[in-house]
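Got a structure for you, written out below as structure tokens; questions coming shortly.
For reference, chains read A, B and C in written order, and residue numbers begin at 1 within each chain.
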Amino acid sequence: MRIEIKDLQFSYPAGVQALDNISLIIESGEQVAIVGQNGAGKTTLVRHFNGLLQPTSGEIKIGDWNTRKQSVAKLASRIGYVFQNPDEQLFSRNVKTEVAFGPKNLGYSNEQVEALINEALEMTELSNETETNPYDLSPTWRKMVAIASIIAMDTPIVIFDEPTTGQDAANIARIANVIKTLRERGKTVITITHDIDFCAENFERVIAMAKGKILLDGKANEILGQEEILATTYVDPPQLTRLGKKLGLKSTIINEAEFLNSI
Amino acid sequence: MAIVNLQNVTYKYPLTDSPALQNINLQVKEGEFLAVIGPNGAGKSTLCYTLAGFVPHFFKGELTGTVEVASQESSKSNLSEWVLNVGLAFQNPFNQISGAKFTVFEEIAFGLENTGVPRDEMKVRVEDAMKLTEISDLADRSPYSLSGGQQQRVALTSILVMQPKVLVLDEPTSQMDPIGTREVFGVIRTMAEKGMTVVLVEHKVEWIANFADRVVALHEGQIILDGKPREVLTSDALLDKGFGISRYTSVARKAKEQGLWNKADLPITLGEAVEGFRK
Amino acid sequence: MHGRLSFYVRRDSAIHHLNPLTKVVLALSIILVAFIAPWDWTATLLFFLVIVPLCFAGKVSREFFRSATRLIIPASGFIFIMQAFFQPVGQDIIFKFWFLDVTQESLIFAFRTSTRIAVMISSFTFFLLTTHPSELMSDLTRRGLPGQFAYVIISSLQILPQMQAKAQTIISAQRSRGLDTESTFLKRAGAIVPLVGPLVFGSLVEVEERAIAIEARGFTSTHKKTSLQNIADSGMDKIMRWVLLGLVITTLVLNIWLS
């Protein structure tokens, strides 16, 4: 499912212009990371995809749907959005009911819901916690419940808003695994992230934003080496990229395998 | 001279079966900068609460062993007195703002008002603390109008102004963006350089490698490593346990297996990695 | 994101310099006199001859008149009409409207009640406009109000608007999971639990952390608390409070004596 954005302008009611003439195409199955300083417009942009925000001018199409013409509830069948703070989402008496919420809203049959839940729980290593109250779990596992709740909706596009904030290495690895599985299933995955190493290791395309505009947009190994431009939006290059640069390696390194092959 | 002395500390939260901390023996010298690493659930926050007296006074539960700071035992003290010994700051800056004050200046003075510091002394201490943490320009702002990094610095200043003997920081940069992270680490570094005894729980291993005097690795409630940053951060004992490993260390470890890293020690900083890989 | 539930307007006026307790007593005295006085026109006189001049003295007249047009006049107007039409008193019918009678007695009653309500609201408004909540709480704490009580009130003023922001995010998150908040009333009613649940549970987590944070700053210390701000309580303040008390008592005596 393709995302097509044409000439998007957005200003908040108070008058602040948050997005300035954004045009963008994200093809089906792409893995995209959006980076940039706070206030650059990353979250504002992404909230237009599922209709939470409507453009002041310009148009967004998700597949054949124009976001102006569909409710947020309907767009939820095409876009799953994992919010940053799981505690702003969890309310059910147990994990199973929580994860069932999304797919039920989308109108799946009981059998389908059951199948979707089981799959989502397996992907997030929560299969043994179906009867547990989400708030009895640690923040680490509450994060995975929130992710499972969105995956279970089986949407062609999934958005992660700062998925690694506050997570330890083990959970970041779990989240990376989830994203890998989604990629293998042909889903489009879009993430907003400050963790540039996580970005380099899991996303093939990087969009850098600043002040409501797109600064850079391209393949990770083209974008992440552009230190000076990234610095203007307070993005540091990934650690291995920096290492590669200091060692004078020709290509921009974005992961361990590339590094080891280059030296 | 050890200003912090934990002997055989074991602690169980109420209504739990397994201890959150098991047999912890830990000494921290005055002026030392100790970093604590570990996967989530290892007991890092519990350790912070224990140092700050919230275990056992706030959380109740079963605590055995001795927790001593500056020759005083936490179980024999009142929590409201103990907080003058050990200052505690944690992840979420928003939850550390009292809500009782309308300006940053008053917010920082809050702790001094509670502990009966005379007005003139209060004003001087707040001004000095704000200068140290470079937030003097925020004095008249509402704490709720600040960025995450600014709020966290206000929270830190509010604790520092109480002049604790030990500063315990539980993942202070976890919720910060890169700018906020830089600002907060800047304050921590300033305090450490001024001789404050600091215990910092952090995931950002690269920063610890550069600035900590000593690193303690916590796993399932127990200390599994305790030593200099290089020893601990490159140790194989950290592997496959959920610890965050610096990417420089990790790639050099793999390179060593392939015969591409020839130095005896694995690197923990960018500089060391560059040096080691240059042929 | 910041906002605050507070009417307070910072000005440099004689009223602002008064001790907060004095302003409490002043506002309450005006209300009590309006309600206790045995005459129908006391409230109206108090409004025009006391409250309005006080607002000018406090340099908050503009804010007060904005509040008057938005709240005081509509509220008291509404009460007037309700009382005039629905109060079953009196025989002297002045006019009928459908099945409702307006009598002379009910008109007088309506006038009295609505002007008293108007005085009550205006007096409170005047008080809120000229009194800084922190200063009020500091002063009351100094006089013996438990610190916890003051804390709960002040922190609510700042934290409730934050909860509003949180509620907005929760609504967005649940809508993104297909929660229908736009169609039928029943569907919207069923949306309550997924919206209130996270707000309540999430807040419990925050409350515990905040309790730890204020504890870490000596909140439960048994030391005598000091105050950053020096809130003056002049001789003039004390005299004013006694005079106001005297006025209230005099009004009460007059009421009893004349009835």
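The rule we apply is simple: contacts are C-beta pairs under 8 Å (C-beta built on N, C-alpha and C of every residue); 3 or more make two chains touch, one makes a residue touch a chain.
A quick note: this is a predicted structure, and the numbers were derived from the prediction, not measured.
If you sketch which chains touch which, every chain touches every other chain without exception. The interface holding more C-beta pairs in contact, when B-C is weighed against A-B, is B-C. With centres taken as mean Cα positions, chain C sits 44 Å from chain B.
We define each chain's centre as the mean of its Cα atoms; on that basis chain A and chain B are separated by 30 Å. The residues of chain B lying in touch with chain A in their complex are 39-41, 91, 147-148, 171, 174-175, 177-179, 203, 206, 242-248, 250-251, 254-255, 258, 260, 270, 273-274, 277-278. Chain contact summary for the complex, chain C toward chain A: residues 166, 169-170, 172-183, 193-194, 196-198, 201-202, 205. Put simply, chain B touches chain C in their complex at residues 52, 54, 58, 79-81, 83-84, 87-90, 92, 94-102, 105-106, 109-119, 122-123, 142, 144-145, 155, 158-159, 162. The touching residues of chain C, when paired with chain B in their complex, are 1-4, 134, 147, 150-151, 154-156, 158-159, 162, 206, 209-230. Of all the residues in chain A, the ones that touch chain B in their complex are 37-38, 138-140, 165-171, 194, 197, 234-236, 239-240, 242-243, 246-247, 256, 259-260, 263.
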